[in-house]
Structures are given as structure tokens and as C-alpha cells.
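In what follows, a single structure is set out as C-alpha cells and then discussed.
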Amino acid sequence: MAKLFLSLSFLLLFHGCLAFQQQNECQIQRINAVEPRERIESEAGFTEFFDSNDQQFQCAGVEVIRHQIQPQGLLLPSYTNAPILFYVEQGNGYQGMMLPGCPETYEESQQQFQGRQGGQSLQDRHQKIQEFHQGDMVAIPSGAAHWIYNNGQDDLVLIVLLDSTNFANQLDQYHRRFFLAGNSQQGQQQQGRQQQQGRQQRSWGRRQQGQSQEAGSNNIFQGFDVEVLAEAFNVDRETAEMLRCEDDRRGHIVRVERGLQVVSPSMRRQEQWQGQQGGRGRGRDNGFEETICSMKVRANIDDVSQADVYNPEAGHCNHLNSFKLPILRLLQLSAERGVLHRNAIMAPHWIMNAHNIIYVTNGNMRMQIVNHEGQAVFDDQIQERQLVVVPQNFAVVKQAGEQGCRWIAFRTNDNAMINTLAGKTSAIRALPVDVLTNAYQMSREEAQRLKYNRDETVMFSPGSMSSRGRPPRD
Amino acid sequence: MAKLFLSLSFLLLFHGCLAFQQQNECQIQRINAVEPRERIESEAGFTEFFDSNDQQFQCAGVEVIRHQIQPQGLLLPSYTNAPILFYVEQGNGYQGMMLPGCPETYEESQQQFQGRQGGQSLQDRHQKIQEFHQGDMVAIPSGAAHWIYNNGQDDLVLIVLLDSTNFANQLDQYHRRFFLAGNSQQGQQQQGRQQQQGRQQRSWGRRQQGQSQEAGSNNIFQGFDVEVLAEAFNVDRETAEMLRCEDDRRGHIVRVERGLQVVSPSMRRQEQWQGQQGGRGRGRDNGFEETICSMKVRANIDDVSQADVYNPEAGHCNHLNSFKLPILRLLQLSAERGVLHRNAIMAPHWIMNAHNIIYVTNGNMRMQIVNHEGQAVFDDQIQERQLVVVPQNFAVVKQAGEQGCRWIAFRTNDNAMINTLAGKTSAIRALPVDVLTNAYQMSREEAQRLKYNRDETVMFSPGSMSSRGRPPRD
Amino acid sequence: MAKLFLSLSFLLLFHGCLAFQQQNECQIQRINAVEPRERIESEAGFTEFFDSNDQQFQCAGVEVIRHQIQPQGLLLPSYTNAPILFYVEQGNGYQGMMLPGCPETYEESQQQFQGRQGGQSLQDRHQKIQEFHQGDMVAIPSGAAHWIYNNGQDDLVLIVLLDSTNFANQLDQYHRRFFLAGNSQQGQQQQGRQQQQGRQQRSWGRRQQGQSQEAGSNNIFQGFDVEVLAEAFNVDRETAEMLRCEDDRRGHIVRVERGLQVVSPSMRRQEQWQGQQGGRGRGRDNGFEETICSMKVRANIDDVSQADVYNPEAGHCNHLNSFKLPILRLLQLSAERGVLHRNAIMAPHWIMNAHNIIYVTNGNMRMQIVNHEGQAVFDDQIQERQLVVVPQNFAVVKQAGEQGCRWIAFRTNDNAMINTLAGKTSAIRALPVDVLTNAYQMSREEAQRLKYNRDETVMFSPGSMSSRGRPPRD
């Protein structure tokens, strides 16, 4: 752990603002690695839901979903009452986030436009679009409408954290998605392995008691009178009716037949620069940098050259916090990308100020999670595409399996602070030898070994065990 | 919406402090326009209570009351566990707010005093007094004792928001009023149209279970021993007993027979300046500006020349947020004064970060409020003196009736951010045309009309509908 | 009350950060002075628990415990999910707080070391150690591991506030202690006067429903696999097993037979300077002042020469808030040390923005606590070692008994603001005379006496009653 960083983050707490997360029910006796339980299918992809009634999600006050969007699939515009942080597990795409009062800064020049459109006279302009790629983390504030499009060749897979108990949500603790288009009432059909589990369908947001299980979510325009909409948009009644999407059976992810046409710098430059950049178009400035409207919402968390913790024998970690991506200050969330090599160990540790939601993207690892009574509430393998919540302050240790392990972790604090129990910056090393000898009833030599035998910081190589004191394994 | 303003408010969130509001139960299927349900009568006025058990208030975590104070009526000193924001619907008055440690800066000069009082030797000094007038919004922090006096010719009518779930309230979510004087136990009598509704009386604050419904609130001095009070104030027992107001049957608003005598700049200058100022004495500096003690707690929200949104055909809006009145930063509240002309429309919109409590002061309007399932939870007229809560993120549209409509809106965030769905700064205009064509399955021409046909921002004139595409109304 | 201070604290709220405390259930009809109900015994001391299910603690959202540590007793390293503020009621000791990423800045010079240890080659270094003495207040952030040692001649007695509903705790509202060593499962035995009260044992933190009452807390290493621990620490299996302390029956406070050997400036200088300093070694700089790692966590609150309120006839108060000890900003807590002389009175008052947890250290006083209905929810003597919670905004008056009274008060806001009802800076004095005459139906002369007869500020001398208006006591 970089000392400067931790000191800074503490100082920030003092001089700036205090993180807040509502309190939850955390009387947890047993945590299980979980997979998505429900699915909403659409024309061009589907969304899976981890069971938000599972105690671990109730404790952390978050919900996790997983979008899988086919090439040329468009996730229709919507907003939620919870802030969102998502990781791009696979593929390339872009999103538009509609911020109130921000100008439409992406516009076609007359020249461009005439070239593309030929004789038509409809020139487009719209708000900024953010591209993202595998390994990126993207933030969306609560209440901000956004849409997502897959412009790649492969399915776009997004792991999405919704922080339902965030201070920004003044409704109750259930996340709700307000769609601006589409009609999931008729379009959605559940398929796949979850079908046998009794709950055939899933609505976006908590369903009312007594309401039909068949009912899904309509878009918000369906709640408005058509006449009023026609007048508000100053269009004819037919156009206003289209906003309601009443006969739309495509679901919430729709296919864009010939590909989405938007104004985007990299869409055009990609062709020229693709060779040089290896297909990875990073965001470029657009000359309108002063305000929230050009706020950065995306950061790569997968680049080993930017690792915060690096041990060639053991693995590495990239942290994404509000120092790197300031919008996380507003969201009160942060993230970690972790990579452990074969059999390597992540130091036993606890996080002081955040819950930790861990999703394995590749390989597997054994985890042990220990509560305040010294009981392991989790002691199991966590496999690819499984998820586990480590509640705040619970102690945890991880050891990668034979294939190593990669994971993404979401944290409910914009500057989560980790305390290790073993290694160079650990609590044990911070203790005087004499406290160790008395606490653990051991000799000074044993205490010294406990403090100094592991000189690595967070990621421990499996082979670094000194032969000196190592007992034969039974 | 001014772009700069919204950008600034976002920046502030980053660099400053995060708004907080406790989460509430918002499983709302139906919202109704409500009127006050209960009333506490007093010698010189009455207070009406909107039903705080109504689900919309439970969701927003607020309570709303309405004071009507007769000329020369004095609302006795009290403090509450919730911050207060009130709108002066009618009349003129002033309030004294007792801030701990602030000096008594309003004092009679010896000369003045002798002139007024004649032979008596009692010269008065007290803390600052704030005048207010119809159209003003006044803020009172949680726990700050205050009194209010009607010095005008007409009844003084105040619409009062109490934000019970504000961070500043560490008690439970019910607001309590602690009176420093009076005795509402015997003095209060309920009258008026609510009498038949089963609850004959109302106490200030939540009543304990099992407690008699007849019991009301005494002032806090009744809880203290008279001997202790006599010693604390260093007065005789008779004077100390007067603090308890045991035989006082006047209720919480009392009549000041010959008018309240206080030291006040405008009270004296009013006579000289009345002609020039049209009876509206604005607060003047008193040379003690450095501290919280001279903090501004009042702002006019009704002056069309200060409107933030102005459309001569449609109407206007004045916003009052923490940039204009910094104390709102502490209260985490803001307000809007809205005026819609005959048949004009307020753009369909949602508020990103706040509940919106709307009270109609004049005229009426049709409102539709839509939840995340696309269902209209409210689709009705809201009449003069009725109130409706729009929960955070719920979509809403308003259309004024034949007489136009004026309302006041309280918001549970010191910088509430609005997202419009139609018009110049709307989410729809921020979308690329191709997203619209694919989302709503419409032609590029229809999408263009949807984006650009309404060039107004928030308030839409009813007559601006272009004849081109308008269908005959059926 | 210093006016500047109060103004500053208000300003800070504006420019800085807002205090936050979760809301609790405060429908309190009756408060009782309480004593500890349960006790956990250990080899070298015990810990007592005030009943956290008592309504007054539920309302304030805090828990209070009391450690009594014998000379050479070591409270084993642990961390909690709640921030801690403790008062040193008796004795001398020091604590080590292990902050993640902070360097081990207390190290033996080679010279020193050789002198002390002789032939051995084990040189120690560890993180900073903070000494404390009777009258000190010490702060520990949530999740920060710490240990405490009694290096004095007398028992070390600590009154500990745990703010379970603090924003920093994202688990549920019950405090949990995570031990890094020891084994309270077998070691603890309850003794003393609480034995007959039905609950024989107490665990650290809330016990699960259905779990055996016999179960206690193990240290967190017991939840980890020994093999994994051996590998993580790079030690042999036997050493790793020692971390689990399975056969340890000493409990959570252990005896250090020949005294704890740590690196500490004052431990060595104490011998030289003891005469000059009267045994009170104050913290000295150690040349590493830039960061959180050298943050001050301790302040004396018992020094009358530093009193914030001082009245030689009546008593004095020392306030400890975030202006004096900045870490309190992070903890959102503050404290007061109060001393009232024989029969002296503390002005009737209410605290605007905090609950007030009062523990009497010496003597006794009569307190009256009044709710918003003017009812005394407490009207009794509070004796030495008893505790009472005054909920936010509840009015309170205190009068010391024949021996006078000393107390410590913890407050759930880092800058608690007090409003007095009588005296020089009171709300009554801030009122215009004419408001008093009309509110209390008294003459101007009586109102003047009410305002001006008590010219003291917060602490009132018993003898200052003017004979003029004093009636005979009946």
C-alpha cells in the first residue's frame, strides 16, 4: 500500500466530505458464492440478476446485475434511483449519458453531414458519447439517463453494481429503473437455467404486493396522456404515441439493423488509427473541458502497467478510487481489479470502511471470510462468474487455484482502506514484539518471524516460504 | 435551465459536501392531492396539519403544516427537531431566531427609549429580528428557537415544511415541537371541517402509545421544578411559576393587545419610507456582518424580475437554492416558485436528486406523476391550497387550467437538479437521432421533430403547437 | 459560550461537512440512571457493559463500556465497526493504533538495543505509541486496530463510547469487536454483582439468534486455515497455530509478567523528567508530522487552566471538539468535562444537534430531563459511576449535591451546540421584553428580571440569588 495514498485519503476525509452508506442487516452466519438467478431476455441480449434478497446483498445494501448485449444491440435509455458502477467484462461499446443543461457538443459539420447523408437535410447533434472497452470501469450517477450500444464484434458483457442504499437514493432501498423507451411488459421472456426456479419473470425494480407477476415495466411515457405529450413535444398525436412503444415486443435491448449512426470522434478515426492503437480508441478531449458536462466517467482498471500493487511472482492489483476518477467522490464507490497467479495468496486483511463485492472473471480461488466471532462464514472456492460479498471489517484471505484468478471488486466507499494482517505493511508488523509475545504466548524469536518472515506487501508468492521453519505438510 | 448553474452545482457536490436524506418507504401505487386534515386553534390564529401518515409524506420523509396568524398574533417561542423552510403565502410579519452565543444587537438608544417609555427605566435589547413579507421563503435550522409575529393588517399565512428525516435530526423520524411558553394542553380546541374525522385533537409531535388523546403539549418549563427555575433565573418563586403558563388558555398563538414593541429598524423607518418603498421594508445591514449571527435566513422567491426561467407566453420559475441563500446548504433543502399561464405546460421532467413537495397557491393545474413501471400514480387536477408530493425520479408533467396556476415547491436537496424530457435542454434532445429512430421505431424525420419541434426550455406556451402536424382533437 | 467559537462552528458546517448520525427510536417516556449490567472477566482486568438494549442507548444509537485494567495488564489488539471515544477515569497507560500503510517510526537505535538486550540480535521497531493519563480523552476511528497497556501503579479505568450508528459503520447498528489475539470463548467468566441477573455471559457484539449462550468470541485467526496462515506469514505450522490462541484461557486482558517492553520516548525520559513534570509525560513530536500517521488522537479534558467555561463560585467546563482535536471531525463526536461545585446549577439548556451521554465520575447531582410535551422523563439524582442519556433537543437542568459533581459527557456531533434558557447568553435574554410579557403574561418588570437577574453564563453559583425577590422555601 502506498503510504502517501492512504495518508492523503485520510486527510481528504478531514478536509472534504464524509462517506456515507446506510446501515443494513448484517447478522450473517453463512455466505455463499452466488450466480445470477433470474434473466430478462430481449431481442439483442439479456440481463441477469443476482438474487437481491440474498442476505449478503441485503447487508451490503447493493444489487448486482449482468448485461449481455449482442453486436449492434442497444440498451434503451433509462435511469435508476441508485448510482451505477459497471465493469466491461468483455467487448467494446459506448454510452451516452444525458446530463441536464449540458450542450449537444457532438455535431456533424455541414460537410461531413452532406457526405454521409447525401440529399437529406437532417443534420444531427447530441451530447457527448463515451466509448469503453474490456477492462474499463464506468460510473453513472443516480438519476442520470443513459443508453449503451455494442459497436464491437463480440457480445458486450457488463457487470453492474447498483448501490441502492447510497445517500443519493432518497426512495426506499430497492433500485428502480425508469425506461425512456421500450416496453418490457410484452417483450421480455425468461429463458435459460433459471426457468425451473419458480420465479418466471423479473421486473425492473421491486414489484408491488398484490400486483400480477406477469406485469413488467413500461416506459415512463406510457404513464402520460398522449395529448399532453403531443403538446409538450409539439408533434402530432401519431408521433407522440410512438413514445409509448405500446406494440414494441423487442424488450429492453434492441437490435440496430445497420449499426448505430452517431457523431463520434473515434468512430471515424478508428479506421485511420486502428493499426497504431491496436483497436483501443481512448477518449480524446473535445475542447469543452470546464464543467461537469465533460466530466470523466470511465477509467481502465485492467492495465498491468498502471498497477498499484505489483509482484511478478504473485500478482497485481489496480485500484480505482476518487483520486483517479473524481466522479467516484459523488458516487461514494470505488473498485479494484485483482490478479493472483497460480497458488499465490492475497494477504489476510480487512477493509476498514467499506463492503467489498467480489466477482471472479477468470480462474478461481479459495476464500475464507471470518466474522467477529472468529468463525469462517465462507470457506470455499469461488469460481469464474461467481460473486461473494465481504462485509465491512470481516477478515478475508484469498488463495488462487491452479489456473490463477482474476477478479473485480466493487467497494462502498470512494477510498476504501485495507488493513493487512501479514506482510510488510501489516497490523502485525506494526505491533511491538513484546505485545506479540504476550498476546500469542510465544518467544521473541517466534514473534520476530511472525513480523518479518513475509516481506511482501499484499500479494504473496506461493514459493517464498523459507525452507528453514517449514513443516512437512500432512 | 442555465447550463452554468447546473454545472456549478455538480462541481459543488464534488468539492463540497454531499446531500443526505434518509431513505423512506416509497412503494407508492396512488398519490392523492391532499388538504390539511387537522387543526389546532388558538387565541389569535390556528395551525393546520397535512396528514403525516399519508404515504406520500412517509416517502418524502417530511411534514407540512400551515399557520394562519391574525394581526397582532404572536406564535410563541419554540424549536423543532427538524429544519424548517416556510413560505409566506400572505401577509407581513417578523420572526426572532435565538442563536446560542449571538449578541443582542438590537438595542434602544437611551434617547429613543426615554422618548418612547417616558419615565420608566427599562431599556430593552434583544437578538436580531427578521422581517418577512408575502412571497418570502424563510429558513430555520433544526433546534433553533424562534417566534413569529404578524405586524400586518391581514392574516399572516405560512406554509411550513419540516424535514423530519433530515440528517440534522438524530431523534426518530417524527417531528417534535418544544415550546418555551404557552400551554397547549388546555388552550387548544379543534374546529372547522376536520372535526368529523375521528381525530378531535392534534398534539405537537407524535403521541405516545397508550397516552390519552386529550393530552397536548405543555411548554418545557412545566417539566422543571419551580424551585430550580427560581434559582436558575435568580427570581422569586412567583415569577418562576409564570414560566410554566399553567393557567394559560390562549394556545400557541396569542394576541398582543397593543401590538408588539420591539427594537427594529424598519418598524421606525417604515413610517418615513413607506411611500417610497410601497410598504415593503427589506432587511438592512446592521454593521455586525461577520458571523453566523448575521446569517441571511430570508429570500424573496416571488419576484418575476428575478426569475430563473422566463417565458412571457408560458410562465416563469424562481429557484431558491444554496447558491442564493447559503443557509440552505445547512438545511439541505431548496425551493421553487412556479407560475404557469393559462393552459401552459411545464415540460415533462424528473428531479434527479430530491423529492418535490408541491403546494398550489393560486389557480389549478392538471398533473400526471409516473412511476418506474410507466403507471400514472397521480392523474388529476390539483386545486388551490392542495398539496402533492412527487417522489424522487418519478416523471411528472403539469398543465395549467383556465386561470393559470401558481405553486410553491419544496425540495429535499439544497441544489435539486431537473431533467426535462421535451424541449431545448431535454434528455430527448441529447440523444442521437439514430437512437431515437431505433428506440421508438420511427423515421429520422419523426425523430428530428421529436428533438427540435419544441424550442422552449421548461415552460411551454400552449399556442406554440405548429399547425403543420397537429391532428384534430377528438 | 464563546461567541466566536459558535460562529466558527456554524461556518464550518457551511463550508465543510455535515454531521451525520442515523436516526433512532426515541419514543422515550422514562429515562433511568444506569450502571453496568454485565461483565467479562479476564486475567488482568475486566470489562463492564451498560445495557445496550436500554431505550436511552437505542435512541442515541451508542453503546458504553468500561474497561478496568490492572497494572501490567494488556488489552489485546482488536478493532470495532464503530468509532470509539474513551475517557481515562483513572490511571496511566498507552495504546498502539495500527494504521494501514503507516511506517514503524518507533525503533530502537542499535546502541540502545544492545544495551537493553545484551547478546540477542532482535531489534524491534513498531508504529507510534500514544501515552495517556487520567483526564485524557482518546479517539479511535472505526476499523482501526489498537491495543492498550496499563503502565501505571493503579488500575487503569476507561469509560468507552462506541458510536454504533455512526456513518462510518456500514454494518447494522450493533457494535462488534474483532480480536486479533486471545480467545474469550474459554477465558471469560462473569463475576460480580451482575451474576444474579439471568444473563451469565456477554459476548463481544450481538449474538446470533439460536446460538448457544455459552459461545463467546474467538480471535479472527481462528476462522482461517492454519496452512493458509503458515503460508501467509511464511512461518511454520506451529507458529501459525499460536495465532489462534486455542488454549489461551486468559481472556481479553492479559498480564505482562515483567512489564511490556516497547520503544517509547517517555518511557525512558520519564525517569529523568519525572520530578519536573509531576509524572505527566505529554506527547512529544517525533519528526514525522506530515500525515495521518502522526495524527493527534489524545487530548486532556481535565485541566481547569484550559476550561472553556469558568466560574470560581459555580464550576467549570472543558469542551473537546473537532477544533481542538481534528480527528473528532472524522468521528463526528465530541466531549465535555463538567465540574459543578456544591449546590451549584448548570443553566437549563438543550443541545441543538447532538445526543448527550453523561457519566458521573465524582459526587452526584440532581438532573431533570424534559421532553417536547413538557414532561420530566428523568427527575432524579445521578450518582457516581451512573450514566444518563439526554436525547437531542430535550431540555435539561443539573444541580450538584453537597459534595459537588464531576461528569464526562460524550456528544454525537463533533461540534455540539448548546442553547441555555437562563443566563447571559440564553434564549430568554435574546427575546424582546414585550415577547416575554405577552408569552408569560407578566409585567415588564418581571420580564426584565427574567432576562437580567442571572448574569452568569452556564454555571450558576447557588448563593447568587438576590434576597430581593426570594420567597421563603416551603
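To keep things simple, chains are lettered A, B and C as they appear, and every chain counts its residues starting from 1.
Operating definition for what follows: a residue touches a chain if its C-beta (ideal position, glycine included) is under 8 Å from a C-beta of that chain, and two chains touch if they have at least 3 such contacts.
Since the model is a prediction, treat every value here as computed from it, not as a measurement.
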Relative orientation of copies subunit B and subunit C, as a Cα rotation angle in degrees, nearest 5: 120
Chain copies touching (subunit A, subunit B) - same or different residues, decided at half shared: different
Separation of subunit A from subunit B, taking each centre as the mean of its C-alpha atoms, in whole Å: 39
Contacts with two or more other chains, residues of subunit A listed in rising order: 16-17, 20, 22
Partner subunit B, residues of subunit C touching it in the complex: 1-7, 10-11, 13-27, 29, 59-61, 345, 347-348, 350-355, 368-376, 379, 391-393, 395, 397, 399, 412-413, 417-423, 425, 427-435, 438-442, 444-446, 448-450, 453-454, 460, 462, 464-466, 469-471, 473
Partner subunit A, residues of subunit C touching it in the complex: 16-18, 20, 22, 74, 76-77, 79, 81, 96, 98-104, 106, 120, 122, 124, 126-127, 129, 141-145, 147, 149, 165, 167-173, 176-182, 203-206, 208-209, 215-225, 227-239, 242-243, 245, 248, 254, 256, 260-263, 290-293, 295, 326, 329-330, 332
